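Labels for the chains are A, B, C and D, by order of writing; each one numbers its residues from 1.
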Amino acid sequence: MVPGDTSAVERGPWHYGADYVTVYFEGDLARLSYLVPKPFKVTDGRCMAYVCEIVSVSHGGADMVASEPDRTLYQEAAVGLRCEYKGKAGVYFPVMWVTTEWSLLRGLLNGYQKRLADKIAITKIHPLNPGLKPIGPGSQLGGFCVKGGQRTLSLRVTVKRAGAPSDLPVFGVTFGRRAFPRTDESQGSIEEAVEILKSNSRSSDVWLGDGTVETTLPIGEPKATIGASYRTGFTISGSRALE
Amino acid sequence: MVPGDTSAVERGPWHYGADYVTVYFEGDLARLSYLVPKPFKVTDGRCMAYVCEIVSVSHGGADMVASEPDRTLYQEAAVGLRCEYKGKAGVYFPVMWVTTEWSLLRGLLNGYQKRLADKIAITKIHPLNPGLKPIGPGSQLGGFCVKGGQRTLSLRVTVKRAGAPSDLPVFGVTFGRRAFPRTDESQGSIEEAVEILKSNSRSSDVWLGDGTVETTLPIGEPKATIGASYRTGFTISGSRALE
Amino acid sequence: MVPGDTSAVERGPWHYGADYVTVYFEGDLARLSYLVPKPFKVTDGRCMAYVCEIVSVSHGGADMVASEPDRTLYQEAAVGLRCEYKGKAGVYFPVMWVTTEWSLLRGLLNGYQKRLADKIAITKIHPLNPGLKPIGPGSQLGGFCVKGGQRTLSLRVTVKRAGAPSDLPVFGVTFGRRAFPRTDESQGSIEEAVEILKSNSRSSDVWLGDGTVETTLPIGEPKATIGASYRTGFTISGSRALE
Amino acid sequence: MVPGDTSAVERGPWHYGADYVTVYFEGDLARLSYLVPKPFKVTDGRCMAYVCEIVSVSHGGADMVASEPDRTLYQEAAVGLRCEYKGKAGVYFPVMWVTTEWSLLRGLLNGYQKRLADKIAITKIHPLNPGLKPIGPGSQLGGFCVKGGQRTLSLRVTVKRAGAPSDLPVFGVTFGRRAFPRTDESQGSIEEAVEILKSNSRSSDVWLGDGTVETTLPIGEPKATIGASYRTGFTISGSRALE
């Protein structure tokens, strides 16, 4: 788990380009509190759930898209809760499922609660497929995540209208928690609340509409749902310990 | 293996939209002949090898991109040989690896020599990833296919220039062979040379350059290679028995 | 799909050694009838559902357990219904999920309605694991099959007592249906009711008890369940067309 | 990565029962030194490479073999080097490939250099399979591990004679290294040389013979190889920091 040339995880910063199908919703505030560790605090019950496909390379490692393409592409599914830390707004993801080893381990180093999915499937629309129309009002999008014997997350979005990046709900920064527990008293351990160090964010191809979400996470009945689809790019250089 | 609503294979026609990384080359004519069954005949040693990602839906089944996205996306890798049948030019694929059950079985019904891959990986470039440049002269593309303990196919392409669909080498129609052998004298069997019934073809985003190809298929040393990248759409309604 | 040395399927006969977790039960007779094609007829509503791990080699191909071990091991899950054909009792499996390409294709050639599972998991008890007791009264066994976004079959067995092979419910022969449909009028097609040609059957390590079964197949509420665990070996040489 | 009921990793101790195919050999001493971090020191060039299947449960978690069988079974492949630490003999594994998330993360917590394999295949011989003989002189055993586009390890063993647990080469204790690096100056980090805390070891079903090993690890040409097959059980309670 040491970053470097022969490691499971390349040295950061890491660059990301992702295609999202997302549902924003309000969960049951009382239940959500159990999903967020101190020092973070759930605020208003606002949540997001998404499935996405991500092309990711480390800084200086762009040639891996050709030499080791399986080390530059993965799928991700997650549920995020709006939180605050000392008055600063953000989102905390109690769990984030991914489909590759390197996104699992890189995420754990940065403070995401990553887990390995068995399968994540997401709507793709190819512009030259004679049986498919380009995305627009009426388009149906969706995705799901399977782990073990369970479908842990399932989303559906019905597109109603084109949107702009500024139409997407804002959650603030991304919070996380780095944890590397001891298995014996003689060992050291890590447990740190962090803020993800994210930059270079930009989005495009925003579509908005209705959405539904089902998950095995105890979030209560999702209300006031908004469905969305968009492309996003960003850079993560690591995460900053908060305390 | 019966097409229909509850089957592994939906009824056709089937629509396809695909992103290809392809290497065209000349193989060893003597060796290639062993890879092509009668009544097809290898012509000039010209070959193609590709890896691609395909979004596919059956006619009338476009909503499955949202309801069952894992039934509309797969990866494919193949090696094809220029052949002729009664003077008609075409391509025959001695093997075509795919990543899903439904593309495996659908292909076998149509006459492709499909096999299930363990993994197919292909270069993807996301336009919003801050660490990647858009495809252009100098871009490196690649992909590979793994089955069992072997990397059965591996490709690399170095892009030199933009091209047009008309720049891509033409192989003619696609030939195949439907085979369903008997396991006992009492049974019937199928063994039919076929031509794939393909329509609605269109391509875009063509890039051309150099390429290399390695494969476990006995094709000799690849010569006179051309690398390419492009997007294609088409419809397959089935295949026509030739004899 | 041609059996032979370089094919996905070796030439038969094929030998099998399998470890089963099985639940016998009675389903809803009216619903079960929809799951069985002519000329077979559901009889009394008796069913079986199982998950198992199978070591299989072709006749003369025993050395593949060392040279290509991934071509000799798979997991299987299935639901079978007691049927009859012209007064002969047997079992028909409307679906049989497997984890490898070669067991999928070999099964389709023989007349099983095979499908590819995403995952099949089954209880294993290792005699040297310090945290596990050998199987006996009180032991819990189970297994499940996942395909796409669904857990298609899930079993639990509580062992009550040791048994003998003669204690296992008898269903008779195994019926099947070979199907290779046409995709165009010009093609031939196969659709044959068959009886599997099975020999060399022997069983051991039989344990009996209670069981539960959940499945996405429309079988009604399972009643009068019996749970079992056992090892079995047999040979299949192919299947015989019935009509 | 926090051990506990809803975590990827159950709290230890953890119990193991495993079936090994192993090749003992002598590697190139100069090359091996690059594979072992301080404070460990390669001694005489003796190595071991294995593939195995492991049934594992946490203490008090034996019922998971029935309720979540996919959380109690995995395959593992590894290469180990004979080392010493302050005069104490042991084995250090520069890499250990596994097939499940929970064995990956549990291993990282204990100090193993675990990586996720794409596939590990191992010879299995089923006693009731009519086409297989029980293991004995002349038996061929083998296995391999695939990750990305590479077969990272491949083993073959030809059995010559029955053996006893005392016939197996002894390497001493198991050394490891717990590492959880920082991604930012503000964070803590872990880097600890450890000794695995292993107890309850017992072995059975020992067979000995010749062996061959191929690996992508830079170990030089394997010499003086011994092949072996055996079953082992043990308990790991964690690992002890050495410095």
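One rule holds for everything that comes next: a contact is a pair of C-beta atoms (placed from the backbone, for glycine too) under 8 Å apart; a residue touches a chain by one contact, two chains touch by 3 or more.
Small disclaimer: the values here were computed from a predicted structure and weren't measured.
The best fit of Cα atoms from chain C onto chain D calls for a rotation angle of 180°, in steps of 5.
Homomeric contact chain A/chain B: same residue numbering on both sides for over half of the interface positions. For the interfaces B-C and B-D, the C-beta contact count is higher for B-C. Chain geometry summary: the mean Cα position of chain B and that of chain C are 33 Å apart. Averaged C-alpha coordinates give centres for chain B and chain D that are 39 Å from one another. Residue positions 68, 70, 119, 121, 144, 148-149 of chain A each touch two or more of the other chains. Taken as a contact graph, with one node per protein chain and an edge wherever two chains touch, the assembly is complete, since every chain touches every other chain. Those residues of chain B that touch chain D in the complex are listed here as 118-119, 121, 144, 146, 148-151, 154. By the touch rule above, chain B contacts chain A in their complex via residues 14-19, 54-59, 61-63, 65-70, 72-73, 119, 121-133, 140-144, 156-157, 200, 202-204, 231-235. Within the complex formed with chain B, the chain C residues making contact are 1-3, 8, 12, 68, 70-71, 101, 104, 108-110, 115-116, 148-149, 178-184, 186-190, 192, 194, 197, 237-241.
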